[in-house]
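Here chain A shows up in two complexes: once beside chain B, once beside chain C.
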Partner chain A sequence: MSGKYKDVAYYPGCALEGTGHAYNRSTKEVGKALGLKITELKNWNCCGAMEVKNVDPKLQTYLSARNLSIAEEMGYKTVMAPCNGCYHNLKKAEYDLAHDQNSREVTDRLSRKAGHKTYEAGKVETIHALDWIKEEIGEEGLKARVKNSLNGLKIANYYGCMYTRPRHIFPEKDQGPGSESTSKPHFMDDLLAAAGAENVDYPLKTACCGGAHTLSDSDTSTKLVLNLLTTAEACGADVIATECPTCHTGLEMHQARAEKVFGRKTKVKILYFTQLLGMALGLSARKVGVQENFSDSMDLLRERGLY
Partner chain B sequence: MGGARAMSFDDIAARLDAIVAMPDDALVAAAAQQADELLALGETVLEAWVASRGETPTAQTVEGFRLLALHRQGARGEPSFNACRETCRELVYHHNLVRLDPAHTDTARRLRLGAMVARHLALFIGGKLEVAGLGEFCCASKPLRQNETSAPAETVRQ
Partner chain C sequence: MPIHEKSLIRPENLVTHEHLEIEGVDVSGHWSTFINTRAVSDYNEQMQEEIAALPGGEYIHRCWQCGSCTNACTVNAINPDFNPRYWIYLIRMGYESELLRDKDIIWQCVSCNKCTYACPRDVFPEGVMKATAHWLELKGHTEKKPSMVFDETFSEQVFATGKIEDGRVLREFFARTKQSLFQDWLIAMVRSLLMRLPVTLMMKLGLATVFHPRTRGWSKAQAAIDEYVHEREAAARKALRLDVQGAE
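And then the complex of A and B:
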């Protein structure tokens, strides 16, 4: 344990209060089981998501900066965001505030207007839930805590497109051994392998899930997801592990839609990596919210002694 | 690496489906050619994207591959296009795996996975072509929403 991330601010973001509730629940439960403390940001706001970012990128920078400012005011040096979209936006705000004078000016103006301290780049570090566990507990620490090995479970780790892109907003990645890779991310693979799972070599781990098209152009999303699912099955995976609520929901909903609209049934199950880690740590499937998933993995989990 | 030029996206999808469905021995019998064809299909997909932006698809290579040069060209001024950067690299990787050792016991599987990767590239870019003019990073729904409130944007036909 490095101690660096033992006590961090927690930014769940909007998705984890809605469709990604199981991710919220399992992240908190895993943290508790690992002895890590998280404190939710007080009065946090939307990170700006894609909607605000596309209309007014500077406003998105401000919205994310406000969350970072709250973390700073609460006395935290680190904020952990499990959602890829939130994680990406906080990192992007950090980058923009460090490199763009106009972003600093707009953020300062809006912060004054809103009556809170203007966030300055470099005060708070944003990490993903993967960084949190990988850095603070590590593979060896995790192995020592496993009570219910994921042994025999074949997993395709799916990171989605926002966890590593664009590269320049993630300066800590691609720093050699031990750091995360933007071209071939592996933190989720490392953690789940430590929990006993067998990771398959999945060639679409950072490919687009069509998440942003989900409501507006469903057929494109369904075809992209169907290809992700069939490729995972071709790789021999029982489960696709996710670390983004948008990807997760997209995979689940379009798995069902692919069967309904295109008559293509796939069997691969979809679970958050925190749910898998939680069960490996001895937490019940219910405790990590498996019953909240749309993808029904109960039979598989029972078969593998995890339920 | 001919054979894939001037194909529509539907033709490309059908060809990739056919490769995925081929029996192992048929795939292995012409492994090198199949690997080259997958790469060529990927190039055709990227050419369509570059051409739709009014540019001439490059003949240059990056790290020895035109596919990667085309991706770089297609991503210029379009950060969201990087969402297929690793898909292109995976396609090259699977091509190399087969080309370096066509007699490997895993060759048929590698070709099928390569075809699935190429299919993802085609689906991703096909989607982007349909919704010309995209969001800042991800393939966001901004233009589609704009279309709901203003005159329809010109749609690029495949």
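And then the complex of A and C:
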């Protein structure tokens, strides 16, 4: 319990207002249940996701710099983003603005023309929803608050690409004991274990779901997702816990697509880690938006006394 | 010119003659199969510079061909022809005709950044893949690939309104690529969701498709971004020695 992240700015991003609304809802509910205050960035803009950087990476830097300047203007030292894409882009902007003169120039030029303050590196720290709970509440704090243990629910923790790669934009990771690892991330495992889950040894924690081409190259994405799903099942998992709306929706979509197009049915369920934590904290499945997921996990949760 | 890596035993490199006699020796038929020359003469010596001029390709010159990128590659694991290390080699050598053999799969890079994570030389191979896909399109070697259409659909919405609405991106992308929205799997997914979703939430999502989410006061940012994009496009075309006016 550091007190550092008790009151942070919140950047939900576009996906959390659309397909990932269950993640938005469960993050807010978990925050409330844990007594952590989050304030949404005023009038934020899209971070550019995976697409704008393919037009020009410096534009992506500008988009995130604008969001960071809003956090600064609102008087926050920390912005928390639950979406891996948003989190990654804010981190990347921070890195590029600190290390690349050209990025600074383009950001400054665009910020001036758009009529707002140019963000300078080092003013605002970006954290993921995982850092937020892990650092502020911790496993012990979480254990003390668990009302409805996940009771040995077998979980494969899936972190995806953008949370750990590339390593250089996450200077706080790989710093020895207590810090997050980029090769074998464990923050989500730690939190869910504290909530009573039994984490399976899942080798594809940071494998790719093909999220960038989920619609433009669907067969590749379906193959990648099917690999994630069947491996999770082979590891004995009932649930894949996610921490990114793009991965989450990708897993759900391609689970349905694999069944319809490839004739491969898998039954592992997909839930946001915040939904699982919320239920362990005693919130109802409805309150953390379980019925809003495409992946229908209600029977499993009922069976485990969580619904 | 040095002799470079090139697979010789390919169907188009194998030559047999039904009737051929050279200096009195009969070399007809399968027993006397010839292999075409491995000497390379059609180098594009500007190729590396051209790729380096496009966003993402800047650090291609650092590569020392260790192959960590291909070894780590997500797409390579499902398609062995997808080989970033080899493509970087071809680009640095200027072996354009050889690269063009793979022109229809390079765009399939999923940007998982495993290559960039593994690369000991900070080449940023993921960026090089995007620059190469972009180069192929600008040079007219390939038509616009689905992922480019998706990037454009998405980015246009961001530039115009400051935000995206994912349902709108999906519909627009399917329309631009002439695909039906009524895919079996999509219908099955939406149907199962509708059975469970509370009415109020459905109304909220429905409203988002009518009133597009947008960032307030975005017009000045939009103008600044548009100006910058046009400038960069012109610079890219110039670096590739293409007609600047030819931009769409």
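As a working rule, the second predicted complex is superposed on the first by the 307 of 307 C-alpha atoms of A that agree within 3 Å, B and C clash if a C-alpha of one lies under 4 Å from a C-alpha of the other, contacts with A are read in each partner's own complex, and residues count from 1 in each chain.
Heads up, the rule we're going with is that a contact is a pair of C-beta atoms (placed from the backbone, for glycine too) under 8 Å apart; a residue touches a chain by one contact, two chains touch by 3 or more.
Keep in mind the model is a prediction, meaning the values are calculated, not measured.
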Partners on chain A (chain B, chain C) - clash or fit: clash
Partner chain in contact with A:98 - chain B first, chain C second, else both or neither: neither
Partner chain in contact with A:203 - chain B first, chain C second, else both or neither: first
Touched partner set for A:19, first chain B, second chain C, both or neither: second
Which of chain B and chain C A:259 touches, first, second, both or neither: second
Partner chain in contact with A:146 - chain B first, chain C second, else both or neither: neither
Touched partner set for A:45, first chain B, second chain C, both or neither: second
Chain B versus chain C as contact partner of A:59, first or second or both or neither: second
Partner chain(s) touched by A:74 [first = chain B, second = chain C, both, neither]: neither
Touching partner for A:228 - first (chain B), second (chain C), both, neither: first
Dominant contact partner of chain A by residue count, chain C or chain B: C
Identified clashing stretch of chain C versus chain B [25-33, 43-51, 61-69 or 223-231]: 61-69
Common interface positions of chain A, toward chain B and toward chain C: 50, 53-55, 57, 161-162, 165-166, 207-208, 210-213, 215-217, 220, 223-224
Residues on chain B engaged by chain A in the complex (per definition of touch): 79, 82-87, 89-90, 93-94, 109, 112-113, 116-117, 119-120, 123-124, 126-127, 130-131, 135-142, 144-145
Chain C residues within the chain A interface of the complex: 55-56, 74-75, 78, 108, 110-114, 116-117, 127, 130, 134, 145-152, 154-155, 158, 162-167, 170, 173-174, 177, 184-186, 188-189, 192-193, 196-198, 201, 205, 208, 213, 215-218, 220-221, 223-225, 227-229, 232
Chain A residues touching chain B - in the complex, by the definition given at the top: 50, 53-55, 57, 88, 161-162, 165-166, 183-184, 203-208, 210-213, 215-217, 220, 223-224, 227-228, 230-231, 234-235
Partner chain C, residues of chain A touching it in the complex: 14-15, 17-19, 21, 43-46, 48-59, 62-63, 66, 106, 109-110, 113-115, 161-162, 164-167, 182, 207-208, 210-213, 215-217, 220-221, 223-224, 252-253, 256-257, 259-261, 291-292, 294, 296, 298
